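One chain, chain A, links the two complexes that follow: it is found with chain B in the first and with chain C in the second.
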Partner chain A sequence: MNKKIQWTLWAAGLALIIFYPHVFGAYYANFLVGIAIFALYASSFNLLLGYTGLLSFGHAMFFGTGAYGTALALTHIDGLPLIPAILIGIFSAMVLAICIAPIVVRVGGAAFAMVHLAFGQLMFMMALKLRHVTGGEDGIGGFPTPPLSVPGVFSLDMKDSTLFFYFAMAVIVGSLFLMRFLIKTPFGQVIVGIRDNANRINYAGFRVPHSKAFMYVVSAAFAGIAGSVYVLFQNLISAYDAYHIMVHFMPVIMVMVGGVGTFIGPVLGAVIFGVLEEVVTYYTHNVGVVYGVILIFVIIYMPLGLAGFLNTIRMRLSAIWMKSADKSSA
Partner chain B sequence: MKFFKKISIVFSICTLSALALGNYCPSHATTAAEKFGTPDAAFDAEEMGDMTGYDPSNPVIPTGDTIKIAVVASFSGPAAANGEFYFNIVQWVAHDINQRGGIFVDGKKKLIQVFQADHMGKADQARKIVERMVLQEDVDFLWGTDGSHMMKIINNMADKHGVIALNATCLSDDLQDATNFSPYAFHAAYSTEQVGRAFGYFYGQRQKESKFYILNQDYSFGHNLADGFKKGLKEYYPEAEIIGEDYHKLFLTDFAPYLEKIRASGAEVVFTGDWLPDAGNLLKQARRMRLDVPFANIYMDEPNFLHEVGPGGTSGLMNLSAFSTENPQFQKPGYEKFYKTWNNLYHTTWNTAPYNTRTFENYMGNWGNWTMVTYWLMSVVERAKTTDAEKIIEIWENDVYQYVNGKIVKMRGCDHKIIHDLVIHEFVPKEEQKVSFNIEPYYWYEGTSSYGPSWVVPAGKILPWMDPELERCKGKSPWGE
Partner chain C sequence: MNILEVKDLSHDFKGLKVLTDITFEVEKGVRHAIIGPNGAGKTTLFNIITGTYKPRSGHVYFKGMDITRAEPYKIQRLGMGRSFQITSTFDRLTVFENVRLPVLSRKGIRFNVFRDVDKLDEVTKEVDEILKKVNLHTDRNTPAKMLSYGKNRSLEITMALAGNPDLIMLDEPTSGMSVDETHYAVSLIKQLTEGKTAVIIEHDMDVVFSFADRITVLHHGVILATGNPRDIRANPEVQAAYLGALEMET
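So, the complex of A and B:
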């Protein structure tokens, strides 16, 4: 794809985001925000699984902690502006990751997944038990949503769904590009190298556990951003919404269906499940059954996910095209 | 002379006590009926539509220009039964009113259309489905729900989009506090503090048992309920003793460790707010372990599991009801007609599960309360002659309504919380149920104990908690005046 087409696509995407809430209305604007939040959450998980080769069954720890961080800050600090509230959410998720990282980066494979499952359940139980802090099952809600403001310059009311749409999309799309940028850097390539052959990277002189730990914290930070935007969007966070087992597994499923180890895969996964839920719930309450059938289909027929499947088709088509070009030139 | 001296001493003591203890004198226990007198509106069973053929599993739902109500609840997952229950209730009201020709609003008669909105027990789905209902389906009313955290989202969305949200089932007091209050949200269910205090008051008056054990589910609801009970005992029965307090995880299948502790403690009553399936398993296991202690409860009244335990094991249970009145229950002919309509449909028309199970056999308890608060909302709409939320708020605030069984309720204007008497029933075997069930066949259930003797807990003793931080309520009495 040449630069001109790329820029045209970006411009089209930007125009779509700008006009989307005005064309489709508040309901579909919120629908897209919901998808975008989970796209970011799944992408943060993809940093671990797709690029670092670490399968975690406890990624909701960071999503939930980011959400709780922001919710608690807005509840207890009067007049806290929006950006610091989000930063507190991100910082909370990062601190948790920094605390856990020394333990978990020394294990891999199934052990890494199971340790996270255990930590995830520990967080879930703590959120339920410490109900004076977390609100337990009822959660924390009704906290003020501050405007996005620069004193003396502008102030945007985040209770307005259109303005919140722009804000959320800016934060989420910006975060997605930061992740993409990180993977393209030399450090990102080292991380991919660790996923493919950790011993070789070790022999090359890089500190594998430290690099993994860094990526782990970065991944947690992005999950924290997703959680923080989620809580601003929902104006409520409870133990179930933050740390329930399904919140841990949701990004795993999205990444597997969308395509693991690709930038677009988790986004596709979030879109597929978001649209599917929207359509299916018009006809049946049994959304879980449809999810299950799709997951089985994808695992059997598209083991690399939708992005991998599309890539395979693209490669086959280009091979056919090249073959026919060769024939015609001959 | 001596007589007058005695009278004056008693009078002085009573006056001083009343001043010191904040009206704690049985003679000051004001019921809702005494306080509010004539209601602004009442449910009249004579005006009921023809319910023949009504089947909740195959409802007739009108479309087009209708009054739209969304029942927001779990319709899938482990709590799916709740959605079925709520839908039956709201659909019953809709069917009745539609059979009467609808309600005159905005210049014409409109029928009622009920939507099922499945929140799946998830916050993000709750928000999404409520927005879909409000923005896509244009519903006028949101009816909820199972889970106070879900109700918070519904109320939040109602506030944002300016539609009325009726909380018919959630108990959390903080739903209407200064942080969460919305003028569009109405709390028509009893609350955790009210339930706890009602039992505290009842046992304080009864003075029969004095050793209590608290066993609740280990989450906010269970703890809040326990706090309410402790507050009630402290307020109305300070001599009582809480000799044990435990919280178990949800959906527990083995209660033996807790039951052994209860047995060892010598508790005379176990206070529990457990809901199904925990309530059923707790009772069944207690009786199997030959622990015959009575349970003071709010959800240990589901007929299917009560039948599994049988009349002996269910006798002595103390159940709190938001619908009942003082005994006998069928004092008003209208209630008898309503009851028989329901009961006949159960026997003749409702052939599909869950509507053909014993759960739906008798119109009592939660069914009564949920239908009546829905009728109340529709009565307000009828009087407002519009579905405009602002007009409805104006009429519903401080509105006094009478249920089919004569019970009087009021919507406290400043924080939109229901004020009503509550009733505690002692469960007794079939032959003793006549005191409560005073029409043919003179019992509620044959295979289990059910409502027998009843005690009214006057509204004046259990006025719902009012947040002092809520600006609208500052300077108001607990009655909201």
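So, the complex of A and C:
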């Protein structure tokens, strides 16, 4: 793609974000924030599944812990500003990941997935039972949402849905591009190599467990950001919102449907399921049935997900285009 | 000077003796072949030297350092590179990216999360030079899994050499190649290992005798003989154990 088109697209994207809440109103601004949070959450999961080759059934551990970290900090620390509250959320998720990493980076495949299922359920039960800390089923809410401010310079009220929309979008889009960049660094190359052939990476002189552990913690940190923004957005977090089995599986489904190991895949997945939920709930409460049917359809007919499917079409089209160009030049 | 020394190495798999008191040295600048019939223990020996297995007893010294129980990545960083008998490339990465990884490793660019890897011009230039030298530059942007078998084997060997190791360990580099491909691979290996130290396991006798400066013959986990190709060819024990057996097979 040439530079001009690229810049035009960037400008169009930026303009869309700026005008979106004014054109569509608060309801659809919130709707998009909800989707964007899950796009970030699914993308953090994609770092593991798509780039490191690790399937986890417990990624909500980090999403939920990020959310609880921020919520508890805002509840218990008076006058805590916004950014430190988010940092505490990220930090909580990272600490949890650092504790688990030494165990899980030495296993792969089914064992990795099942260990995460176990840890994830453990976190769920703990959040349910430790009621005096987490609020159990009811959760904790009603904590203050601090403004985004630099003392004496400016202060933006985060309870204003338009301002929060801008803030959330900046954090989420920024995070998405950080992750994209990470894959393009030398470290990212090693990670992708581990996905394809960990043994060879070892024989190329890279330390496999350390690299995996680092990526694991990074992935947890981004899931923590998603959780943290989620809890600021909802002003409520309960054991069910944080660690329920559906929260563990959402990113798996989103990434598979959107396209594993692509930048755009998890975003597409989050958009598809976000829009679906909105539409389907008009007709039925059994959203899961629709999710299931779509997942089956995608796995059978588009094993590379929607992003892979679109890519195949693009390649076919360009092949046809090149053929006709050949003919016309001949 | 000896770059590699193997001393009294013994190994068994659950009581089954695979190697018994293996002792040999590899001199710097020499192409050293390890031959022997199937099941002689060649690959096991190879895997112990490169760090895949830890032996029951004995020691491996590389550049005078004891590497008997070192991890593969550490041995590699000391300057030993290896290829695999069963092609072991990065499927979904392009040829260029496959070769770039060992080059990055040699340059010590391992945990860098601040630079765009495509903008490391020095690395890019070097990888492109290597690809040109081994005739893979026409497939620069092809994913490894789309390559023909022969080309994938070439890539495998190129990756072992791209780290510019002081000692190159090649595990049956021509295994499964057609006659033409073998010819090409052998000339390539000869050219690329010129003046370097290499240990090569090989089945194909023509390859071994056209290539090696020194040969160690392994049979039932014991060293039968070590010497230059002429002596080995003339050695009656070796003939009985290996060369004769081969002739009988064919």
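By our rule, the second predicted complex is superposed on the first by the 330 of 330 C-alpha atoms of A that agree within 3 Å, B and C clash if a C-alpha of one lies under 4 Å from a C-alpha of the other, contacts with A are read in each partner's own complex, and residues count from 1 in each chain.
Note that in this section a contact is a pair of C-beta atoms (placed from the backbone, for glycine too) under 8 Å apart; a residue touches a chain by one contact, two chains touch by 3 or more.
Just so it is clear, the structure is predicted and the values come from calculations on it, not from any experiment.
For the composite obtained by overlaying on chain A, chain B and chain C can both be accommodated side by side without a clash. In the superposed model, A:Ser238 makes contact with chain B only, not with chain C. When the two structures are aligned on the shared chain, A:Phe24 is found in touch with neither chain B nor chain C. Within the superposed three-chain model, A:Leu128 lies in touch with chain B and out of touch with chain C [touch as defined at top]. By the touch criterion defined above, A:Phe177 lies against neither chain B nor chain C after alignment on the C-alpha atoms of chain A. Residue contacts after overlaying the shared chain place A:Thr281 against chain B, while chain C stays out of touching range.
Put simply, the three-chain overlay gives an angle of 140° at chain A, taking C-alpha centres for chain B and chain C and rounding to the nearest 10.
When the two complexes are overlaid on their common chain A, residue A:Glu137 makes contact with chain B while staying clear of chain C. Shared-chain residue A:Phe297: touches no atom of chain B or chain C.
Superposition on chain A leaves chain B and chain C with their closest Cα atoms 35 Å from each other. Residues 50, 71-73, 76-77, 81-82, 84, 88-93, 97, 100-102, 104-106, 109-118, 120, 159, 163 of chain C are the ones that touch chain A when the two sit in their complex. Considering their complex, residues 181-182, 184-190, 192-193, 195-197, 199-208, 211, 214 of chain A touch chain C. Interface of chain A with chain B (complex): residues 25-27, 30-31, 34, 128-129, 131, 135-139, 141-143, 159, 230, 233-238, 240-241, 277-278, 281, 285-288.
By the touch criterion stated above, chain B contacts chain A in their complex at residues 75-77, 80, 116, 118, 120-125, 127-129, 131-132, 135-136, 147-149, 152-153, 156, 160, 172, 174, 179-180, 218-221, 223.
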